[in-house]
């Protein structure tokens, strides 16, 4: 049997994988970034055990040479908080060496 | 060579396929539907030749027995207007016999 | 700091969320199901710490009244094995009460 | 009313938008590229009026510094043939100036 902390970590991972692969590829510009941030946050917060999702699209980094670009990990920072039976997990995504690394920030 | 009207129809199709396959599967509830409608509209409007996108998520139809459901064609109506070199195409999506049918409404 | 077992569970969750939200919505028929199963398995196995992915598309359940349908959790069973620093996690997805439930099967 | 040629162009556009936004973001490596090519082709060929889909993932271009990368337009060339009431449309996607351009190659 998995512990509650392990279950919480599993749930946090699900939210991260879902968020990334649902929205990667979405056309985004500096003008449309705020509505996309809100929609990503509110859609993933629907999922079970998800306390909060915070998405920051790095609009200053967006390639706008064609007016818009496709959302990838390069252009966003994400924090997700999961609560499973009282165990709280915080997970984050940011770029590390050109790779959008998702990692556990805390398990309490 | 394709005519401008044919190019306009091609562009309208691209927007519809993109919209549907980018956002199908997104977790959605009656509470989060408005932000998702706005994000879909603004993201697809970024694409070339796209004049306007109108998305109506049919919140009264959403299955909320698990608190939220995944967005599919069953739960949305969409209108897209494309302008290509002065030729305007209006395309729509709605359910027909259980299938989310995308169709040209007008080519002018 | 998270334990290796917690990290393994987090990684297993990422793979599940990624798999589901990358491929949900893909057009699928009984004829095309085998190639889609293989592609899902091989693509997710690329991800870090992922030992194996097994996808079974339930072709007998596919609604073929329009020739094909869109892939959802209703139509697939999945097992994912993750190894993180020697800790092995097995996670599974199957339908429970109309909901595609992802759960930890073992943490060793 | 739209002409058959215009309908054919609309259908070709739908397939292109669907293909791109369904599969963009999929983890891909030189080893997994062949199964993904086949799955993309067979899944999109399920759609109405779609005669053939040919996908070439440019494995020599894939960034493998992390073992795999995410599929984007930069890494694939696509040809789609649609037949609508006897009107055949060929559409193609390839990179132009850093942008994955989808265009009509012929309308017959």
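Each chain carries a letter (A, B, C and D) given by its place in the written order, and its residues are counted from 1.
Note that contacts are C-beta pairs under 8 Å (C-beta built on N, C-alpha and C of every residue); 3 or more make two chains touch, one makes a residue touch a chain.
Protein identities per chain, from UniProt: A, B, C, D = Dihydroneopterin aldolase.
This structure is a prediction, so every number in the text was calculated from the model and none was measured.
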item: Joint neighbours of chain C and chain B, given as chain labels; value: A, D
item: Distance between chain centroids, defined by C-alpha means - chain A, chain C (Å); value: 19
item: Between chain D and chain A, distance of the C-alpha-averaged centres to the nearest whole Å; value: 28
item: Chain centre separation (chain A, chain B; CA means) in Å; value: 24
item: Residues of chain B engaged with two or more neighbouring chains; value: 18, 20-22, 25
item: Chain contact graph, described as a line, ring, star, complete graph or other shape; value: complete
item: Interface residues, chain C side, partner chain B - complex; value: 20-21, 24-25, 65-66, 70, 72, 98-99
item: Touch list for chain B against partner chain A, complex; value: 18, 22, 25-29, 31-32, 35-36, 38-40, 42-48, 67-68
item: Residue numbers on chain B that touch chain D, as the complex places them; value: 2-3, 5-7, 9-22, 89, 91, 102, 104, 106-107
